[in-house]
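Pasting a structure below so you can have a look.
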Amino acid sequence: MIEWSYAINQWKPSFDDFTRRRDHERALRVISISGFTGVELTTGTGRWEPLGNPEQLAANFGSVRGFADFVRDAALDRVSSWFYDPLLGFREDLSAPADPADPDAHASVRAHATWFASALADLGGQVLVVRPTASAWQRPQLDDGAIGTIAKCWNDVGRAIAPLGVRLALHFDFLSALRPDDGLERLIAATDTETVGFSVDTGEFVAAGLDPVAFIDRHPHRVAHVQLKNAAAVDDRDEYTRRNAEHHVRKGGGARPVPRWFLELGVAPGLVDAEAVVRALVAHEYDGWVTVESDLSPHPPTSAMLNGWYLQHVLQSIVEEAR
Amino acid sequence: MTAGWSYALNQWRQSPTSFVRLEEHERAFKTVSAAGFRAVELWAGTGRWSNLGRPEHLRLNYGSAAGFLDRLAECGIDAVSSLTWDPSAPAAEEGFELRSTSRPADHGAILRAAETYLELLSELGCERIVVRATEPAGRLGSGFDAAAVASVLDRLGAAAQDHGVRVAVDIDCLSPPLGRRHRAAARAHRQRPRRPVAQHRGSRRGGRRPGLGRPRPRGPHRARPSQGRPLPGRGRGLPASGCGSRPPAGERGP
Amino acid sequence: MKWSYMDHWRSASPNGPIDQWQTLDSMDRFLKQVAAVGYDAIDTFDHRYFQIMDQYGSVSNYQEFVQERGLERIVNTFHAAVYDPRTYAPHVPETHANILEDFRVTMDRWSGISLDNIIVMPATLYYDMEPVTDDKIKTTAELWNKVGAITLDAGVKLTCHHEFFCGIQSKHELDVFYANTDPALVNLFVDTAQHCIATVDPVDFYEQYADRVTGFHFKDTRHQDLVGDYRRRPDAELMATTTPKWFHEMGDEGGLVDFEAFMRAVVRNGYEGWLSVEHDKANKLGGDHAESTAIARWYAKNVLDRIVAEEGSK
Amino acid sequence: MTWKRWSYMDHWITRTPQGPRQPSFNRKHTERYLRQLEALEFTGFDTFSFALPVYAGLYGSVGAFERVLQDHGFAGLTGVFSAYPYATDFAAPHRRETHDRIVADFERTAAAVEGSAVENVIVMPTNTYFHVEPVTDETIKVTAELWNRVGALLAQRGLALGCHFEFWGAIRTEEELALFFEHTDPDLVGFFCDTAQHTIAGVDPLALFRRYRERCRGFHFKDTHNVDDFEAYRTPPDAELMATGVPRWFYEMGTPGGLVDFPALMREILDSGFDGWLTVEHDKADLGGGDFAESTAVAKWYIDNVLASARAGAAR
């Protein structure tokens, strides 16, 4: 059965935005009224990221469960998932950025993943979505040894968090070091099929020139999570290799520049065929969360409502026909 | 005859309920002044929230035309350079009449409507009323009558002169093709050699362009044209530019 | 009297609000707007060093980019460090070595251009320093004396800017701090809004320490902290009970700071250096950095310049 | 029983490269706007009489625009709003010499919505207070005379006239309302209850609905945080946007500090057998950094999660 959640990250364009309780309450209500039943959190650190990690949730809502109540008060069922980026160091425990391609970082990755996963379990969430490794401009070549190191890290994490009732989903993005030389396929082969799943982010796949539907058909049993996002352009000039690509390409738009890489579902000139993605999920009897996302939105409420429209009036019928 | 640079206020009017409170006017006047402009251009409108666009609303909000000039002066603005007016735009205060400069039967109503603005302009010491020659081509259809338009503009010119105001005819990008001479002038404009306009294309290495970076003379007001040079000549009215101040120019960038 | 602008900025983009460091184009538009309304220079944050190296190649290249837009230079940098009692806290001696090294590296990074001041918040967040004792303030003073020596070697004055939510903000705490710092090494940077919020009168406070003042942030506020927001966990600046927006530009209605009196004091005390305008988080509650920057500059030119002339002729 | 017939009063600002705009300047932005309302499950759409030619211009005719509304799940165009805020020589309800012109305006409006799903023609019955002052029994009776005529012409076309009383209009107190309704034909001139406007004017909307239940045609559900106890209503040039010290009067339902008791009103409506549209209105929601999309979503959230539990006949 598919459940629909919405990613909260679009509400925070700058470090000093979206910090007050009233901002969070209104965002959760907009998500709820637009037809979603869950919310996906993302990684953040420091006092201006009250939803960024378990310690900040406790500091702002009394406890992690206090935040779970806050979510239910907004007429949402629960937190569906949490996106954990190990490459972000944490001020809470003064930990440094940890790249799974570096064996010395595995202990830190495992500890933080468990920290997030146990909080997620308290929130009723089921999927820890993680960034598998650094970006391509930071790690241009991933030989089989490096792929093996990354796989080992996530195999350990997968086993560590399974008892908490939380599935692991590795999230590929169009700037990832897994993009060249079929890195993603090689990582799938190197990881444990039982405990390591993958998150299909349709916008990131299309921007990277990959086909999300083909991926779902090829690896139906490894799809643990879906981020449904529309894309407006393809990085067909390999700008992802540029230094500081997060800043210059994802935010700055690269050389052209691309004004917005990601759009609301069903909005021109979108390139993601969301209906085909949902049909593929239904065909493979996917049982889990689909998190709709609209990163770097110029107007978060409108993005959530337009995505809500598309869910209610296009995607829902595809899911129901299959029942 | 005063000459110099003024700034059109219409860009602040983004929706019918915006730019109504007097403190919003004040902030716009101060921003324009701080940016180096010493005069503003008004635009005609209708309704209580177009309180700079109707003579009676402007007087109600600022007590009088003189009161408005005092307010501008307090904000560092010396003059109202001009007011743009579209005779074909319906106004509640005039019963929403639909008028056309191409229809002689409407010319009486157009002159009566102009009189309310000309009185205001003379009170404001403003010497230019920018009159839109015709309604948009889409509405005008095949009804353009050059002779009729010319006739009413001449009569407006005469009426304006009585108030110490000059008429400047405004052609904009929605105007119908007005005649052979105009089309020829437009073609000539397009073919003239283009002087590169100083716009930023990536950071400029190497020596610093003269005039930038060293302290500039601190006159009472520093004009800083960052692009192109100010046109020479004093007192000469400028030829009607291609695209008038309406519709507001799109923001540069993607 | 010359004015610099402390470079807080947001502008609208298809990706929502962005700052000026997003692209060369957004920096170009930012600098032109600041120059257009009559500021003579900018101040910036020294942690921008990494973006400067990435996008402009060197600090001096970036300053040249600034100068090409009609601004004279970068006058001051603000050293916005991430304070933490475990690693970087002026009242915790064990962290002093780490802080001193941080300043050595910073002064080296910025050696490519000449700066007047390096501005610091002289204490951690209040709740990280609580209870604030005279001893802790003395330890803090010792640290900044050492840092002042390091920056002075690099030809840059160390100057302290007291946020209302930092550990040294009440009048008593300020007096103890300045009594225990060496006037040759540690200076004062008066932020009109921050002191007003902390219920310390900016004019009186400035008059008391005028000879140690090397700069100002002219900004206004409409609220004072009367409910202890300054020690609110986890944050006082954005999540306060009193208001979602502490800071406003000078020259707007409802402000509590008496800028005319403040300006007279600046002239009376013969201050010669730069004056700075800052609009921290101006975009809250529908506000706008660009407009606030123009309005503040308008006020400086059309009100404060007149005060300077009057006071100067007395 | 949860109420299903919610309509939305057409106020919206959309973001464009040319700044914040009303969406009706092109189809793409208009349909993004309608999609957002449809996602919130609004099924009625009220607009302004002056907007009818704009939508007709965009889609070819008012009927064509109604079909676009129906494609988006709306019953159709369900209401039209008209007003003459400032008195002019052409339109001043308290001056008999302008009545013919006003009646002619409404004949045009009625014709424009011929065949559509419009049930209510909603009007502001007077000009702004300071253009009518002094307000006397006579000015109210002359005004009543006008709306009896307009009500009659609308009734012949199957349309209901609803009078909607702004706090800055010239009929605002309980006595003035009573006199107006006393001199208007209940079958021809209905009461349209704006929850915020009456609250600002110091009148309880719930009490008004109880008194004029039989002739109540509809509601504007919106909230306020202020009562006008400093005569903003009669202060030129305009009380709605330019009142001293109150830059924003209107808020969506459910905000902290809201003065209107919506659950109590909802119970009263469910008890009364009222079967018209309940209309959500967000007038000037963009003030102070506000946002139409967010306010509308948050208001509909309040309807589905708070008002829905207000049961008919539940304990008061």
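List of remarks:
First chain written, first letter: the chains are A, B, C and D, and each begins at residue 1.
We adopt the following convention: a contact is a pair of C-beta atoms (placed from the backbone, for glycine too) under 8 Å apart; a residue touches a chain by one contact, two chains touch by 3 or more.
As the structure is a computational prediction, the values presented were derived from the model and not from experiment.
Least step count on the touch graph, subunit A to subunit D: 1. The interface with the greater count of contacting C-beta pairs, when B-C is set against C-D, is B-C. Put simply, the chain farthest from subunit A by mean CA position is B. Distance between chain centres (mean CA atoms), subunit B to subunit C: 41 Å.
Subunit A and subunit B have Cα centroids separated by 51 Å. Once the centre of each chain is set as its mean CA position, subunit C and subunit D turn out to be 49 Å apart.
Per-chain Cα centroids separate subunit B from subunit D by 36 Å. For subunit C, the set of residues that touch two or more other chains comprises 12-14.
Residue positions of subunit D touching 2 or more other chains, listed in rising order: 15, 286. Multi-chain contact residues, meaning those touching two or more other chains, occur in subunit A at positions 253, 257, 259, 298-299. For subunit B in complex with subunit D, the residues that touch the partner chain are 14-18, 20-22, 47-49, 51, 57, 60-61, 92-93, 95-96, 248, 250-251, 253-254. Within the complex, the subunit D residues that touch subunit C are 15, 286-290. Note for the complex: subunit C touches subunit B at residues 13-14, 24-25, 28, 32, 35-38, 40, 56, 61, 64-65, 67-72, 251, 253, 291, 294-295, 297-299, 301-302. Interface residues of subunit A, counted against subunit C in their complex, comprise 13-14, 16-17, 19-21, 46-48, 50, 56, 59-60, 91, 94, 243-244, 247-248, 251-253, 257, 259-260, 296-300.
Every residue of subunit C that touches subunit A in the complex is listed here, in rising order: 10, 12-19, 22-23, 51, 54, 82, 84, 86-87, 233-235, 238-239, 244, 281.
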